[in-house]
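Look for subunit A in each of the two complexes below; its partner is subunit B in the first and subunit C in the second.
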Partner chain A sequence: MVPFLELMGFGPRGWGAAMLAAAAMTLAVSVAGFLLGGVVGSLIAWAKIAGKRLVRVLADGYTTVLRGVPDLLVIYLFFFGGSAMVTAINRDWFGGQGFVPVPAFLVGMLAVGIVNGAYQAEVFRGGYLAVPKGEIEAARAFAMTRAKMFRRIVAPQVARFALPGLGNCWQLCLKESALISVTGLLELLRQAQIGAGSTRQPFEFYLAACVLYLAITTVSGWGFAFAERRTRRGVARA
Partner chain B sequence: MDPAFILEAFLRILPGVPLTLQLAALSLAAGFVLAIMLAGMRLSGIAPLNAIAWTWIFVFRGTPLLVQVFLIYYGLPRFVRGTWAWPYLREPWWCALLALSLNTAAYTAEILRGGFLAVPRGQIEAARACGMSGFRLLRRIVFPIAIRQAIPGYGNEMILMVKATSLASIITLMEITGLAQKLIAETFRAIEVFVVAGAFYLFLNFVITRAVLAVEFWLSPHLRDAPDREAILRPALANVH
Partner chain C sequence: MKRRTLLAAFAASLACVLAAPQAGAQSRWATQGVRIATEGAYAPWNFTKPGGGLDGFEIDLANDLCRRMSVRCTVVAQDWDGIIPSLNAGRYDAIMAGMNITARRQEVISFTRVYAAGPAGLGVAKNSPLARLANTEARFNLERQPAEARAAIDALRAALRGKTIGVQVSTTHANFLNEYFKDVATIREYRTTEQHDLDLQNERVDAIWAAHSALTATFGQPGFENFTIAGPGFSGGILGAGVAVGLRKADEDLRGLFDKAIADALADGTIKALSMKWFKVDLSPQ
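Take a look at the complex of A and B:
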């Protein structure tokens, strides 16, 4: 049995480099999913705020379903359903043969982004509702166009109000990325599983994974706290 | 979308519902008891107790639940083999339950702590002035107010736990997601199976949401409008004429 520090070190028997690389993959898939979630979330929030009745109902359905169903099911849907769909398209439209797998990173990014988009939509909507009505009226009185009003008045305030909620969404992203390990993507948890299997020291590997996840969540928590302080400069505290 | 297959999927996944409910209910119950202890430690003002509870909450909220499940299921056996705990930790059911309970305890403790901090100081002072102290003060004044404050947050946690039970499928337990995954692997009809399994979770969560709203309504009579006196008196007045 290899001692913990040697096992997680960078020597000949050390898995440190592999674990750090896997942590970078975790970060990459989380960031990609979070950004996709931002795009999806703002579109859904827009649909909820300004959409016609049918659009609003669809957007409400989206957030209800994706927040009410386990993330793991969504990942299975994209993993199995995505491959089946791509295989079918390849067969029917291009006359291709055989099974076409979807890249695991793409599955992970889509699954994380689609689910996180549902959470971010609610955060953005809450942020928009917190913008004082008078400021919008004042902007109209200055004859700002909708685009200019959005850029100058709405967006900066929504960003400020939404930031704490977005921090929570980011933490959800990070934790959901661990579930992507079921698709075989070599992220932190998958790497820990591989190491645990080949060295028969599962406790050390999962403990190291825990420590790395904690480091990522803690540092990004600081980052969000810093960003919150910055966006609140000049705002009187109640 | 083939109705015959949807029905088949429904019948194949239905047997997983009891296990999902069992894991969610037992871990919520065990987690709640632990959470009261943790919240108490956080608020005790005793530095070592506060530090222990803070660390617990920091670790369990800062790492993915799946890592915690693996750490318990694969990592602990080395330390408990041959002890009294081994017959339990050998079973995936107990490991899943343990991981879910410890995890929800951390989240629930913070929800409860928020509830306790929201108890107005004046209420406690008034209770002390009436001669209440210790457990009686907790039971009559602090708990009812704190619990009522914490209900919306706790409702969210209950829904998260129902969803979190899906991770038990990764350590071989055949609950809703486990059966769904097996069915997808057999038939490659991911969309239909997703719709059916998702509908089960949405139904469970819908029932929980309604129940939590009902409890919240029942516990906040003081926030509702006063009843319409005339409407109450109308039958009586009708008899007068």
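Take a look at the complex of A and C:
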């Protein structure tokens, strides 16, 4: 039995480097997924708020379906379906041979981003609806262009209203990243499982993974608190 | 857990429909090499070293077989969930992950000849009444000795009435328990063997059911001094014909290469030697 500090250290019997690398992978796939989710989410929110009837129905369908099915199913679909599709396209259209793998990181980012986008869309929509109508009318009365109105009136306030909800979405992202292990991506939970199965010292590995997850959420929590304070500059505390 | 299995099966069938079989000459394995997947978390069959490299019985065996087949091999780690769908999707060409041949698995993939076989049985705490189960040295083959095996199972059923048994999900062991013990005992399925080991240690289950090789490895670890294998060992039938290399059905040529290499490795004693090195018992198929 290797003592905890040696097991999580950087010596010949230490898994420290592997665990840190896996934590970095978790962080990378979560950040990439969260950013993609931001792009998807704003587009869907826009479609829901300003779209024509058909666009609205499609956007509603998107958020309903992707928030309603298990995340694991979305991952399986991208991972197995994605590779099979790319391979088939390569074979039929380009005369290519053999299997074309879709990188596990890309699959993870897409799956996390597309599911998280559905949640973020609702957060953005809520944020937009909280912007007082009068301010938008006032901006129009000043003959602001749509771009200027978005930059000066809408975006800063949506950011303020949406940030707490986005903080939740970020934590969802982080936890969904643990499901990506089925694709073979060496993220934190998969690394902890490998270590536990290989050394038969599961407590040490799951404890270390727990500490690393908490470290990531704590530090990012500070980041969100800071951002919330910034977007609230000049606003009286209720 | 059931849902995960269903999803994997769904994805596998999807992949089967989409991925057409690849045609190619016999020599394509020599040119492109063979990618072999293992779990990397099932010591001592296959596991990961602190630096990240893979090691274990199946890693040594894979290297030996590849030398015999004169092909270049790469061994990659893959989560147990999705290990079969990923094979059929073409992510790698072979599975060597302590995987038993079963009828259900043979519906979606093909297997080479068996390279390791060993009994499965119960692991219990030494102070549990189950530790006094009779016949611990006895071995029963469900196919070749159906009557004796049935009598032994009936004896176990009486002993296990009302108990809780842990087992790894989606394995031949889980199938065995569900077939013979579902109505008398509570069967709790775990994602990995190491998880049911922990729950046995914490007395949340009365017994675990696993391969004797895995139980021996677990009970040799610190913290497991007070646990032991109890009752007879079973093999064959629903428990699978033994551990073999899993391949895509289309790759008949690769199966031929593996079959010959395994036969040679059995004949010259390599598999026995590797088995003694990693398990301390001979698991080469009799």
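Basically, the second predicted complex is superposed on the first by the 238 of 238 C-alpha atoms of A that agree within 3 Å, B and C clash if a C-alpha of one lies under 4 Å from a C-alpha of the other, contacts with A are read in each partner's own complex, and residues count from 1 in each chain.
As a working rule, a contact is a pair of C-beta atoms (placed from the backbone, for glycine too) under 8 Å apart; a residue touches a chain by one contact, two chains touch by 3 or more.
Being a predicted model, the structure only gives us computed values, none of them experimental.
Following the overlay on subunit A, a clash is recorded for the pair subunit B and subunit C. By the touch criterion stated above, A:T64 is placed in contact with subunit B alone, subunit C being left untouched. In the superposition on chain A, A:P132 contacts neither subunit B nor subunit C.
After overlaying the two complexes on the shared chain, residue contacts for A:L72 are found with subunit B and with subunit C alike.
Using the contact criterion defined above for the overlaid structures, shared-chain residue A:P103 touches neither subunit B nor subunit C, since it reaches no partner. Legend: residue contacts after superposition of the two complexes on their common chain; A:S181 is shown touching both subunit B and subunit C. With both structures placed on the common chain, the touch criterion links A:A88 to subunit C but leaves subunit B unconnected. In the superposition on chain A, contact is made by A:A209 with subunit B only, not with subunit C.
In the superposition on chain A, A:G195 makes contact with subunit C only, while subunit B stays out of contact range. When the two structures are aligned on the shared chain, A:G14 is found in touch with subunit C, with no touch to subunit B. Between subunit C and subunit B, the overlap after aligning on chain A sits in one stretch of 131-139, 185-193, 221-229 or 257-265, namely 185-193. Residue overlap on subunit A between the subunit B contacts of one complex and the subunit C contacts of the other covers 70, 72-73, 76-77, 79-81, 84, 181-182, 193, 196, 202-203. Interface residues of subunit C facing subunit A in the complex, by the touch rule stated above, are 3-4, 7-8, 10-12, 14-15, 18-20, 22, 32, 39-43, 47-52, 76-79, 81-82, 85-86, 89-91, 192-195, 197-198, 217-218, 221-223.
Listing the residues of subunit A that touch subunit C in their complex gives 1, 12-15, 18, 70, 72-73, 76-77, 79-81, 83-85, 87-88, 91, 97-99, 101, 181-184, 190, 193-200, 202-203. Looking at the complex, you find that subunit A touches subunit B at residues 64-65, 68-74, 76-77, 79-81, 84, 174-179, 181-182, 189, 192-193, 196, 202-203, 206-207, 209-210, 213-214, 217-218.
Partner subunit A is touched in their complex by these residues of subunit B: 58-59, 62-68, 70-71, 74-76, 78-79, 159, 163-167, 169-170, 177, 180-181, 184-185, 188-191, 194, 197-198, 201-202, 205-206.
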